[in-house]
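Next come two complexes built around chain A: one with chain B, the other with chain C.
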Partner chain A sequence: MALRVAEEGLSSCSGCEVAILNLGERLLALAPQLDFVHMPLLMDHKYFGQLGDGDLKRLEIPQAELGLVSGGVRNQEHLEVLQAMRANCGTLVALGTCATHGGIPALINGLANAELMERYYRGCETNDPAPDPTETVPPFLERVYALDEKVKVDIYLPGCPPHPDHIAEAVLAFLEGREPALPHKSVCDACPTVRQGKGQLKSVRRFLQNAQYDPAKPIADMRCLLEQGLLCMGPVTRAGCSGADGEAPRCLKARVPCRGCYGPVRQNGNQMLDMLNALASNGIDIKTLPDRAGGLLRFSGAHGRLRPRPAAK
Partner chain B sequence: MAKTINIQPVTRIEGHARISIQLDDQGRVADSKLHIMAMRGFEKFIEGRPAEEVPRIVSRICGICPWMHHTAANKAVDQCFGAQVPPAGRKLRELMQVMAHISDKILHFFFLAAPDFVMGAGADYKIRNVLGLAQAAPELAAQVVKMRQAGQMMLERFAGKVIHPVAMVPGGFAKPMSQKERDELLAGAGEQLEFAKFCMKYAKENVFAKLDQDALSLGRITTGFLGLVDPADGSLNLFDGALRLMKPDGSYLDFNCRQYADFLGERVETWSYGKFPYARVWGEGFSMDLEAPKGIYRSNTLARLNVCDRINTPLAQAELEEFRRRFGRPAQSTTLYHWARLIELVYACERVLEILEDETITDPLVRNPVEPRAGRGVGCVEAPRGSLIHDYVTGDDGCIASANMIVGTTHNLAPMNMSVRRAALDAIKGGQVSEEALNQVEMAVRCYDP
Partner chain C sequence: MAFEPKILAFSCNWCSYAAADLAGASRMQYPANLRIVRVMCSGMVHPNLVMEAFSKGADGVMVLGCHPGECHYLDGNIKAQARLAVVEEMLDAYGLEPERFRLAWCSSAEAERFVEVVTEMTEAVRGLGPNPFRPTRPEDAQEVA
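Presenting the complex of A and B:
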């Protein structure tokens, strides 16, 4: 019997689903062992019957042993889909950082819904201003939630997107009935750049010119970007983006600093507090950082971490 | 008895949508709508962020075409900061953006759309998908999966991250290309072009040859078109150029992207979170009436091939000539989006080779430092799903003061609604609703690859 798999994307971009497809030939090899019973990006199972005549109060997700959900929870439909996935899937995987920590869409949690609506439907230069859409569209929740704020999550697979190697590992481990071997250290632990220890650095600067490195030499010969004075979220971000070969974190391969897309090292960690501590303990003035909350909680604004500022109502 | 049919979710598309079709007491289609079910608000929540960080944030608008948002955002921030991008930086940007078109088109044609044609519109939904295709045609599927993957890995090996890229930066690019990397990409790009030629031949023989009058009139509507063209010769250009807005009669206006708000407007309807762009400059208002549409234009592959005067790569130009001989200019059949998509696949592969053949692409100067300042920038590229516009205003601190975006799919929201109505009227008669009929309605949406 093939393993029944259901997959859904909530407030998301489909990047996690493309990461599944980026398993490439490995996905074709796995396919005979998997029976995708629901996956809107690739197959045509519908919530309310294949003839569209079902009861709108009874959203149908087929029974599955494994459920994968990407995206955070932003509106009533996302919540209903998530609850149906939880009810019908034996094991539920939060796929990607939107699902585990809110991800980029949770940046909106720093603002009230009314401010968003005002700008989007009445404020943009190209708009013919009009009232907010409210008919037959699912109402917004007050903010973006990670999945585990609404239902029990069994496996966390962060990453924006998660590396295909770890998606494969999670599925294979499930097929083999064992715990998945997923990274638990920090991006720095997986980064080969040269660290010379605490230096004279007193501030961090914006990424307005490229890092200093010799392009002819490997990443392992480049000085740590944080030590070069660039804000790099490596110390407080979960490892994993380098994949199974572990050569280097993916952004570092492009010679740019980490922005924290795998969320905190520990599932319930706080990237902003951890980073401010890390910088302060190295004598770096934290006031030099522009956009502190939006920068340090860029990927982990759910769980009540990012909130509207009192001044903004 | 009157009733509503809900196709929810619309599947094998990139976003989140629902179709509702109202049948009257006689079982006739009285109304239909394509509802966009979510809105995340990137325009609003990038306010206050340092502008140089924004290209790494807005990539998350779309996990299928993140390179497009990454490119448009960098172009907009360059203008805000007054940055001059070195020639090699500009070449690397175009290379990445056009390469990203290649795997996107393979994904859409084979993974999302082809099951309707190969398995059949009325095939059991459990096999009418890419996994069913893999069982029915294993050799084809293996080749498709392999070549799409190869394209993705070419981007990832050079640029570090392929989904939600980071390698473009305001002022240029974050790393130069070595000769070794160039040689590897040249070899890979040659294979991609061979595969694109195979795809075109396969599709002509197995899909397009079978497009009868019914298939060509699926979701058929008559509209204008929008797309970037090279200002020098009116040729197809995915990376840069002037916007050309064509009327249904084929006459057109060209304009600088910075003037987009003088030419385009956006309507809000009560029943969709997505806004509805329309041609404000035509001065006729906005209506999705099938018989008398107002202000409606389309974007994406068919639009680009309609607005361009020519394609400056030989194989794609030959395909365009054949396409025009058969379907005229502008071609209106919605199904032809698929055909146009494969012509663009050929173009993208040829263009990638052209860029790589320029040996100055390995010049080590790929980025000039930038200085935060107050300014405005409008970055525009052609994304797979249409003309992508990012418009930013920065304050003195170089942080975003306000932003407006029109993304590719959005241009087609009104046309998709019209095509859904057309397809529903044609497929549902006398209250007879079948899975095949409902899938035909979705096929009209899939042409646009939303």
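Presenting the complex of A and C:
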């Protein structure tokens, strides 16, 4: 019997679903073994019966052996869908950095809800002020949560989006009943740039300054961007963006520093703390970094890492 | 019951832990709010350890090392000094008062200084009140929904 798979996207951009489609020919090879029973972003399946004639008190999510959930938990609807997924899926996979660490949407965790509403509906000079919406919008939770803050998660598959190689590995491993072999080292471990030593850096250069390199030469001949004084999140970010056999991490391939989209190296790590420590231990004045919390927790603001700044006493 | 702060101190093996030892052997009195963790060098105390202590409910954290220039490992305490900025930054981001963390030096002969620093710290934290910081954990999951 084919493996039943259910998929849901919560507070996310559907990039993770596109990454599933990007499996390419491997998806064709896997397809006979998989039966996608629920995947609202790619196929039509309604929550309350196809004509809205179902039980309005109960979300209709079919039973599945494998559940994939992308996106964080932002509002009551996300929470109910997630809980229904957990109840109906044998194994739950947190797909993508939003699901594992909050991702980009969790940047809002730096603002309280009231402040967000004030700024969005009444703080914009070009729009007429309006009251907070009350109808048709599910009530907000007080911040963005990663999945494991709300339900038990069995497999973590971070990435923005996760590389298709690792999605394939996770599904294959599940089919074969073994632990998936996912990357667990840092981006630096997968990066071929040349490291020559720390030098005499005292501050970090601004992002609009470009790296120095010879475009005719491969990335393996470029000097480490962190050593060039660019803020590269490689040391504190999980490897994987280059796939199973990529040449270099994706951002590095474009000759720009890593932004940290795979989240911390260890699931419960803190990218901001580790990056600041790495910089400070090497003699760089961390006060020269603009927007330290928002910049270093760009992809991992859930789990209470990013929080509203308390009012001055 | 009156608030009694819990203060965690990372003391280096060579100076400040020896100072604590001397203070005890000399029967000097200092607040019992202190929990000492002996480490080989103040320079090995990663800010992760300090923040984890706060996240687990410590009201104050101290890192105690040798005087600058007297480190058993030459520059461990200089590294600890550099990491001070990181801890300050993290405390600020989490809305904790900077006084909850203190980096101090005392040599193995300075039992009086150890007692003085610990007493000051205890009084300062007692004045600040309990640590308001507690992270969301999976077991908190139900109460928000």
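The working rule: the second predicted complex is superposed on the first by the 308 of 313 C-alpha atoms of A that agree within 3 Å, B and C clash if a C-alpha of one lies under 4 Å from a C-alpha of the other, contacts with A are read in each partner's own complex, and residues count from 1 in each chain.
The criterion applied here is as follows: contacts are C-beta pairs under 8 Å (C-beta built on N, C-alpha and C of every residue); 3 or more make two chains touch, one makes a residue touch a chain.
Source: prediction; values computed, not measured.
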With the two complexes overlaid on their shared chain, look at chain A and say whether chain B and chain C clash or fit.
fit
Using the superposition on chain A described above, determine whether A:Cys251 touches chain B (first), chain C (second), both, or neither.
first
Can A:Ser14 be said to touch chain B (first), chain C (second), both, or neither?
first
With the two complexes superposed on chain A, say which partner A:Asp55 touches: chain B (first), chain C (second), both, or neither.
neither
On the A-aligned overlay, A:Lys287 touches which partner chain: chain B = first, chain C = second, or both, or neither?
second
When the two structures are overlaid on chain A, which partner does A:Lys152 contact: first (chain B), second (chain C), both, or neither?
second
A:Asn270 in the overlay: touching chain B, chain C, both, or neither? Say first, second, both or neither.
second
Per the contact definition in the header, classify A:Arg307: touching chain B only (first), chain C only (second), both, or neither.
second
Who wins on chain A residues touched, chain B or chain C?
B
On the combined arrangement from the superposition, state the nearest Cα-Cα distance between chain B and chain C in Å.
15
On chain A, the residue positions that both chain B and chain C contact, one per complex
none
Residues of chain C touching chain A in the complex
46-48, 51, 79, 82-83, 85-86, 89-90, 93-95, 135-136, 138, 140-141, 144-145
So, in the complex, the side of chain A touching chain B is made of residues 9, 11-19, 21-22, 24-25, 27-28, 31, 36, 40-48, 50-54, 56, 74-75, 77-78, 103-105, 107-108, 110-111, 115-116, 119-121, 124-131, 133-138, 160-161, 206-211, 215-216, 241, 250-256, 259, 261, 290-291, 294-295, 298
Over in the complex, which chain B residues touch chain A? Could you list them?
3, 5-9, 11-16, 20-21, 33, 35-41, 43-46, 48-50, 52-53, 56-57, 60-64, 66, 107, 111-112, 125-126, 128-131, 134, 141-142, 145-146, 148-149, 152, 156, 159-167, 169-171, 174-176, 178, 260-261, 264-273, 275, 277, 280, 286, 364, 366-367, 369-372, 391, 397-399, 404, 406, 433-435, 438-439, 442
Taking the complex as given, what residues does chain A use to touch chain C?
79, 141-142, 145, 148-152, 270, 272-274, 276-277, 280-281, 283, 285-287, 292-293, 303-304, 307, 309-310
